[in-house]
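Each of the next two complexes has chain A plus one more chain, namely chain B in the first and chain C in the second.
Showing the complex of A and B:
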């Protein structure tokens, strides 16, 4: 048996397909992107080495607007943390108390996560439609004509694209938190209740500390997800009008496939990855500090 | 904390929560909780309801006569238009093909890797496992340029292959994560018994281990399926001919084509969404579990 399970050749045969796929599609491209980021390259012609010029241009040029795009995605990250996650936590705490029908509500709240972002984007395009969209129709029928507007114009587009993004994933975070809350042994809660703790205190001192690993994961997902956000913005505005809703991902796609600047696109991709890892580490650190 | 089987476990060790002392709620407060539940449910359900109703209406109804009600005249012809003129039928088939082949590849490769990672004794297997787990956090962004350039050099853009391989690679970490959880639970006695009966490594793998991994296969398949079904960025870039487009890209193209005629667009949205939702209606627990185990390491 031991002999069977320490045969080097068999180990290699079993692990190799996964390793190759992983190295070729996930790992190597990171290094390749890093390499491309030092070049001025249109994808097929000759690569011209320009050192750190791409990075310099990206961080200083106003016409590219990377800083603005980054600011937008950081704003989205902030909103996810202060709006989406508390909403999800509140719902999860209310649902986790063993009320009648909690499973049904849970299933309804999780549903938007399963719907393709393209569908959600198209649907919200119709909701926001200035003439026939349900939002303006409702506002007009309530006599609030003055509030009805072109939602995806320069002034409100950013907010209008954030709403469906935040809306779609509340259910996802809620599900994770709900699962965590349900794993709190009921004896803990009962002991606290017998000691006279009120519901708010049970939540604060028993449940929240217990589900902290999940709060950490949710925060990391919310922040890195916001930095990477692409689908809904691409469908709703594609970064427009006049870059009002630009985020790094839409900027990257435009660089690559509208302007054929593969070096610059790679630079954006690499910076995005570095930021995602950095934020994941920082958030992990913040949660660890609180543990002590 | 093992969360993936939360729904089965939660009442085994403890008394059902409904009977516990936590249930001493004040009536008036309970009503408010249900009102909040109801409002949030409405916010989640209404867009889907609205999508379904306008997929069956004429522009005349959508644009004024009957904005939010059930259709007065059920226009199934919108669906015919979306399927035939809008090509949704083809995109649907493409999505199914891509998703199924991806699932088969992910399952086979991650089961094999997990077998080597959990059953075999070798130096560095822990590090290898950690290395694969990095895949859970790597964003797809860095892959776009290198894969696009490589695919175009190999003339593989606009093929199913161009989507299947990247999708499989990005689902691999999740596959290994879930399979490891399940495979570690299988006792080594099984392998030893099979070994004594004359099974080789491949025999143990295919005849003993794989048949016992059904719950893991279900979890990973559901997760992978939804990833493939809904993915936009790769699908949008690697495939541009309508013969290989998947649903998200197809729906996007169709709504550009039918700017002013909302009915067929609605029909396409419904066709892209309802298969998933109907499946969800029957297997909601399993689907939720697969998302939980994809997010939280055992």
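Showing the complex of A and C:
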């Protein structure tokens, strides 16, 4: 071992390819975004240094609407944690007990994760279509005409957009949790049952503590994924109508490629990265405290 | 020996990674690439280009938005085929990208100064940003040779500081397409010629359970086709032009009044309420299916309506005058915007400029015959086979006195998007005319 560590040149050379990729693809763009965020720049013209003006405008301007976009993504993050993850956990616990057709159900629940987001977006666009969408058609056929509506209108668009996002990734989190549940030694479960524990107690006192690291990872993925959410919203509403479904990522694309404000787009990008890191650290700390 | 092996393996890994990177970059392109008709060779430098001969081939690249599904695809293919047949000494490689992705792609290419020799662009502010950055070649010298067939009035949107930087191809205006069968059901055998008659017609249509207008709220530019026409016919073309050009403020009572008129039409159920959640393609499909009596949109739609067999059923007209003391018939929204430009960084800029003019002329020719718009170039060919809707559009333009370019093209990207934001608020009736002008005055710097 000592000989291996003393051979620094070999270690450096082996690490170098991955390190270069990491620095060039991940670290350098973060620093570049930070650099560009201090400029008023349209992407190809002259850069004008404006200090923290972009940050000030982003956090105070109503016409940009960053605070609202951030609020939307935080709401999505909250819903992911209180709706998506419990749903995924429930399914994982059910399937983890080794029911008949377990593999079939696993495949069915995981299928939305495998389908392209654009396809899912187009599918839900058809479901929500006010004229021929299946949702309104079913409501009308049940005599619930008053409930049929324009689902992607500004009043209901946010909720209508969140439904497919939450639905798509339930299977993903379920699979993570299912893998964790399957790794719980059968002896633990059997010992608890012999001691008279009911199924709910086994889940609560044996399974959940055992898969806590996986729950932590799932929570981090759900929260940071919500903060970065883009594709489904872009396909379904592109942040509209009237910014009702705007999230920081759609706002960033708008600034970069529609409004030619590379400085402002970079500012949003940097804030997104910082928030994702911060939430990952906070969630890690919460789970650590509970473990302690 | 182990050290040497480890070192060699590391070097192999590094080399293979570089190789993969290149390969991946070429595979991730989402564009439709049209292969060149001859083998590509190394492009000659600027001095070689100016003295190019038949034995000294020149490579040119061109980017555009005429993808397979684009109505102009045939015009591009036919024009480029003609060009390549006439110029075997030039190897032209062209590729088309979807409209929205293209905007991102060309901006990135301009930022990196890695533009193709010839590129599609929109006139006015979109091209203006590239010109300001010094990335576009001035085509003044080449235009002088073609001035007799490309009227100077068509070059207004590619002229910056007295110099020309692009070649326009086709031009379009906003037209009010009317479904005559639905109008007949409401008791009208002609398109309403005055504003009062239009309102009476809309009331009659609503009473019959027919939706007068369809408008996509999902694509705000489609809303501007209505709003800008109403503003123009209320405040006048000159006033609107001055506002778009930044020479006058949005604080204009006539603009606020026009917004009020538009919103009154929405309140009176003249517009399909479902339109707010529909794309423009969906609204257009509804119009073709006979759901709406009127559809205000670009006259490039004439070809699609003709293909759908609706030429006999549909008529096109301009929006009627609302305030005759400030506006008149013949004041239109639209103008030549689709343009080919040449990169200043092109090694063969002079040849590329000559080629751009020739290709643009061909696209204009075939595009006009296909019914995709009116020609920016004076036609010197038989136009008797053009569909009746396009002929009507040509008549409207022939009688026009002034055109105001679409607001989102006329204004800079940032300003245009602030404007579009307020337009969408107007369509959703979140703000009124007063708030519209006040908001734009405050937010547009």
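Keep this in mind: the second predicted complex is superposed on the first by the 275 of 292 C-alpha atoms of A that agree within 3 Å, B and C clash if a C-alpha of one lies under 4 Å from a C-alpha of the other, contacts with A are read in each partner's own complex, and residues count from 1 in each chain.
Keep this in mind: a residue touches a chain if its C-beta (ideal position, glycine included) is under 8 Å from a C-beta of that chain, and two chains touch if they have at least 3 such contacts.
Since the structure is predicted, the reported quantities are computational estimates derived from the model, not experimental observations.
> A:40 in the overlay: touching chain B, chain C, both, or neither? Say first, second, both or neither.
So A:40 meets neither chain B nor chain C here.
> Taking the superposition on A as described, I'd like to know which of chain B and chain C A:53 touches: first, second, both or neither.
Neither: A:53 stays clear of chain B and chain C.
> For A:257 in the superposed arrangement: first (chain B), second (chain C), both or neither?
Touch partners of A:257: chain B and chain C.
> Please work out whether A:119 is in contact with chain B alone, chain C alone, both, or neither, and reply first, second, both or neither.
first
> Could you let me know whether more residues of chain A are touched by chain B or by chain C?
B
> Which partner does A:242 reach: the first (chain B), the second (chain C), both, or neither?
second
> Let me test your reading of the model: by the given contact rule, A:214 touches which partner, first (chain B), second (chain C), both or neither?
Touch partner of A:214: chain B, not chain C.
> Thinking of the overlay built on chain A, is A:185 touched by chain B (first), by chain C (second), by both, or by neither?
first
> Show me the chain A residues, by the header's touch rule, that chain B contacts in one structure and chain C contacts in the other.
Common to the two interfaces on chain A: residues 7, 10, 14, 17, 21, 43, 131, 257.
> Report the residues of chain B in contact with chain A in the complex, numbered from low to high.
1-3, 6-7, 10, 13-18, 20-23, 30, 33-34, 36-37, 40-41, 43-45, 47-48, 50-51, 54, 62-64, 67-68, 108-110, 112-113, 115-117, 119-122, 128, 131-132, 134-135, 137-139, 141-149, 165-166, 168-170, 172-173, 176, 191-192, 195, 200-201, 205, 226, 229-230, 232-233, 236-237, 247-249, 251-252, 255, 262, 265-266, 269, 272-273, 276-277, 280, 284, 287-288, 291-292, 295-296
> Spell out the part of chain A that touches chain B in their complex, as residue ranges.
Listed in rising order, the residues of chain A that touch chain B are 1-2, 4-8, 10-11, 14-15, 17-19, 21-22, 24-26, 28-30, 32-33, 36, 43, 91, 94-95, 97-101, 105-120, 122-127, 131-132, 134, 137, 167, 171-172, 175-176, 179-180, 182-183, 185-187, 189-190, 193-194, 213-214, 217, 221, 224, 228, 230-231, 234-235, 249, 252-253, 256-257, 262, 265-266, 268-270, 272-273, 276-277, 280.
> Which chain A residues qualify as touching chain C in the complex?
Those residues of chain A that touch chain C are 7, 9-10, 13-14, 16-17, 21, 42-46, 63, 128, 130-131, 150-154, 157, 237-238, 240-243, 254, 257-261.
> Using the touch definition from the top, list the residues of chain C that touch chain A in their complex.
Chain C residues touching chain A: 3, 6-7, 10, 13-14, 17, 103-104, 107-108, 110-111, 129-130, 132-133, 135, 217-218, 273-274, 276-278, 412-414, 417-418, 421, 424-425, 428, 430, 439, 443.
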